[in-house]
C-alpha cells in the first residue's frame, strides 16, 4: 500500500517490517554523504543476516553493514570512503577472508542498473567496460545465477549494435536491471506520505528508490505536504514509491547531510582505526551500535559538542573551516 | 623555492588542462590538480564530479567526490546518471579530460584498481572501479597519477578495471570503445605519454634530479626513453597559488 | 564553444547561426505549454527550409513550423493541441496532402530517444509498442534510411530478452537515439552562460537539450549566475550544453509559461480558424509573423490588455478564472 | 434529474476507479472522469499525467495534460520520462488505471488514433499515439471512451496505434507485452467489457432508454449481448458533484 496514507513509523518498525533476512537491499548516499546511517545501525542492531546488497559507492553505510555481519552477497562499484578509508576496511577484510560473495561493476553500471529497474526494463545499454575484466570476470557464476531467480542469468551481455553504426557505436554493453526488495534513503525533508525533497546532490537515490519494491525514507524533518507542494518540481520522489517515513534527525551521521551537518572526520577516523582490528571493531559495535537503544543513543555518546562542530554553515551547507586533517 | 614531489605531480597535471576543458575529478591529488589549473592557467576549465556536480565553487578542498563542499555554488547538482552521461554524450564527452589513479598500470595504459592477486581470493582487495572504468571508457583525454614502483608498472595487470589502449593500436575500436585513451601518466619521477602509432607508453619527461634509468628501475616493463627531456620545474607562481589558494590547510599536499 | 562564456545574443542571430536549411531540429515544451514560440516565428520569418523535425507532443510550435513551410520531414508522437486543435491543423493538412514525410512514434518512444541521445548510446529498451503498427509500419523506408547517414537504419528493433525472462520480459523493443543538430527550449530563468532553471513540468526539455549538438535557450528572465547557483539542484541544464541564450519575455506566447503567463485561448482559437483555410492562414502568417520585425511586434498586435488577461496568478502559476471556453 | 450522455459516460468511468488507484489521465472527458471519481467515491485515487505531474491540485479543469493547471500543488512535477516509467515500473505500474480514447476500436480492444485510410495518404490524419500506445502497453487496467458509430467499431482497424488484446487470448504475452489490456469501453450508449476467455468485447450494460439492438446497429462487428443489463443511471449526488465541483464552467461537459 503506497497510497496517500500516513506512513510515519519508528525506525525499529520500519526495519523490522521491510528488511528481512536474505532480502535484496540498497541504501542511498555516496561515500561521506547522506548514507542512511541510523537505518544501517538499526539493521545491525536487529542482527539481520544474509542481506544481498547493491551498492555503487555507498561508503560507511555498506561497510558497517558488512562489519556488522549482515551481508552475505555484495554487488558493488566502489568500496572506498574518502580520506578516512581509501578502501573500506571491513569490506576489504571480508573479501580477502572469503566471507562474502561479491560482484564488481562500475559506478555508471550500477546507476544504470537502478535506472533500468526504475524504468521497468530488463537492461540498459552503455559503452562502459568494453574490453575490461569487469565484463570478463564474473563474481557470481553462471550456475549460481541459473539457480537463483532473484539474479539475472548474466552479469552483462555485449552485442553488436543492432542499428549498424548509429551514434558511432559498433558494440554495446547491456547490463541487467536491479529491483531491490527494499531501498533505504536519508533525505533532508519528507512529508508524512513519503514525498521527498533532497537538497544538494541526489547521487543515485531517486532510481534506487523507484526501482525498489519497498522504500524506507529517513529524514531530518517531516514537513507539511502543503509546504513541499508549493514547489513540486523540487520533490524528486513522490509518495507513491514510499512505504515508510521515519523522522531521524542526524540520521545520516557520521556521514554528511547537506545544509544540515558535515561528515564527522573524527568519528570516521576513529572508526577506521577500530575497523582495522577485529577485537577493537567488535568492542566498537558493542558500544556504539548494540550498546545503545537507537540512533539518539549513538548521538549521545558522540556528544552535543561534536555535533555542534559539524553543524552546517547556512551559506555553504557544510561546516566551514572544519578540521578535517 | 623548494617543493615536494606531490607538488610537482600536481603542477605537471595542471599544465595538461586547457581552458574550456571539462575536468573529471576524483579525490585527492586529482582534485587539487584540477583546482590548481583553474587558478593558474585555465580559468575557464570546468571541474566536474561523477556525483553530479558541475562547476562547483570550491572554497575548501573536498575530500571525496560526494563531499558537501562540491555541492556549494555549482552550476548544477544532479546525480551519477547525469554525470556519466555527460562523458558518454557525443557533444560534451569530447570536451572532458579525466584524471584517474590506480594501483597498477600496464604499458598500454590499462588500469587496475580492483585487486592485487586473484580476484576471488585477493592478496589485497582495493576499492574497485568507482567511476574509473566509465571515465576511461568514454573520454578522449585522460591523465593518470601513479607512484613509480616496480609492482605498480607490471607486465600484466592482476585485473583490468579501466581500459587504456587495451592490447594496442586499434584495440579500443575493435572492442567497441570510443576513441581516446590515456594522454599522460604523471608519477613521482616523471611524465610518460603514449606513442601515436604503437600506443605504448614512453618516457616524455623526467623531473630535475631524476634520470631516465631511475625511472626504468622502477618499472617491470621497459619503455622508450629516447624522447625524454627534463621537465620544467614548478614555477614560483605555480607553487604560490597551489599553497596559498588551493590547499592552504595541506589536506592533500 | 560551450564553455562559461557569455552566450547572450539576439534571437535573429541565434536562429541564423544554429538553424540551417535541412538541419535536424527539436523544440521544447508540450502542447499548450512552454513552446519556444518566439524562436519558431523567427524561424518562419527567416524562411528556413527542409527542417527535419523531432517532436513528441510539441503542439503549436511544430504546427506553425509546418504551416510556415519550414518542415519537410517529421518524426512525431502526437500532433494535437488541446481544445483549440484536437488534431493540429497544418500538420493534418500537410500529411493528408502528402507535403511532408513523416514517421510515427509514441510519446515515451520519443522521450526515450532523446534520453538515449543525451546518454550517448545508440538505443534504449522499452516494452511499449509491441504488436502495434507503430513498430510494423515505417514512415521512412529502409532504402531512405540506408541512404541518409543522419537517420538510423531502422525505425526500431524487437529482440528476445538477452537476460532470459529477467524482469518478466520475453521481448523488448529497442528504439534508436536522436541527436538533433539543434534544440530550442524556452525556460523561465537562465543565466548569461546558459544554465537553465525550468519551473513547473520540464516535459522532455532536459534530454532534448542534452542530446543536441547546439542548444538555443530563450528565457523570460536572464538572471545572475550567482542567483541560480544558490540552489544548483534546481538548475536542470548546466551551461556546458548551451550555445545561445536569448532574452525573450513572453517567448512562449501564445503557449503558457508556468508562473509567468497562461496560454492564450483566444489566440489559439483564432489561429485554428485561420489554419483551416489556406488563404486565411497565409494572411495570418503575413500579418503576425512576416509582418512584424520580431516577437515584440507580434505581442504588440496582440496588445497589452490581452497579455494582462493571461498573466499568471502568483499563487497558482496560471491565470485563474481565465475564460477558456 | 435530467442529465446528458456525456455526463453519463463520465460517471460510468468514474465508477470504475477505486480508492488507491493511480489514474492516468488524458484530456477532456477522461480528466473529468478522474476528477469526478476523486470527489465522489475514490478520494485516495491519484491523478497523474504523462507530462510528469503526480497528484495535482486541480482547482480548475486542465484542457491539456501540459496545461499549467496540472502543475499547481502536485506532489511532484517532473517530465515524460518519469511519468511513463511510473507505468512501466513493476511496482507502481500495476496500480495504474489508464483512461484512453480513440477514433477506432476493434473487438479485441485495440485502438487507432493515428489515421483513417492508408497511413501514407490518409483520408483523415489524426493526432497519433501521444502516450496512448505506452499506456495501453504497460498498465493492467484501461478504460476507453468511444462514440458509438459503425465506423468507429470496425472489423479491421486502419492502423493499430495502441494494443488491446491484439488477436485474442495469449496474444499480448506472445508479443512480449505486459499482461493487462482494456477493462471497459464506455460509449454514449452503454458499457462494453471483455470476455475473460476469448478476450472479445461483449455488451455489459446499456443506458436507460437504449436497447442492445441500438448498440449493435452502431457497430461493424457484432458482440455478445446476452450478459447485458441496464446500467444504474447517474445519481443525483454524482451529478451534483460533477456539475458543481468538477466542471462548473462546462469546459468539457
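Which chain is which? They are A, B, C and D, in the order written, and residues in each are numbered from 1.
Heads up, the rule we're going with is that a residue touches a chain if its C-beta (ideal position, glycine included) is under 8 Å from a C-beta of that chain, and two chains touch if they have at least 3 such contacts.
Quick caveat, the model's predicted, so the values are computed rather than measured.
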Winner on C-beta contact pairs when C-D is weighed against B-C: C-D
Where chain C and chain D are represented by their mean Cα positions, the distance between them in whole Å: 27
Length of the line joining the C-alpha centres of chain A and chain D, rounded to whole Å: 40
Chain B and chain D: spacing of chain centres that average the CA atoms, whole Å: 56
Multi-partner residues of chain B (at least 2 other chains): 53, 71, 73, 77-78, 88, 90, 138
Residue numbers of chain A (touch at least two other chains): 119-121, 126-127, 167, 169, 172, 179, 200-202, 233
Category of the chain touch graph - line, ring, star, complete, other: other
Full enumeration of touching chain pairs: A-B, A-C, A-D, B-C, C-D
Contact set on chain D toward chain C in their complex: 27, 50-53, 59-60, 63-72, 77-81, 84, 88, 90, 114, 119-134, 137-138, 159-163, 166, 171-173, 175-178, 249-251
Contact footprint of chain C on chain A as seen in their complex: 116-117, 119-127, 152-154, 157, 159, 161-164, 166-167, 169, 172, 174, 176-177, 179, 198-202, 233-234
Chain D to chain A touching residues, read off their complex: 19-20, 22, 44, 46, 53-55, 57, 71, 73-78, 85-93, 95, 138
Chain B-touching residues of chain C, taken from the complex the two chains share: 1-5, 118-121, 179, 193, 195, 210-213, 225, 228-230, 232-233, 235-241
Chain A residues touching chain B - in the complex, by the definition given at the top: 29-34, 56-57, 59, 76-83, 86-88, 91-92, 95-96, 98, 104-109, 111-112, 115, 126-134, 136-137, 139, 158, 167-172, 200-207, 256, 258, 262-263, 312, 316-318, 320-321, 324-325
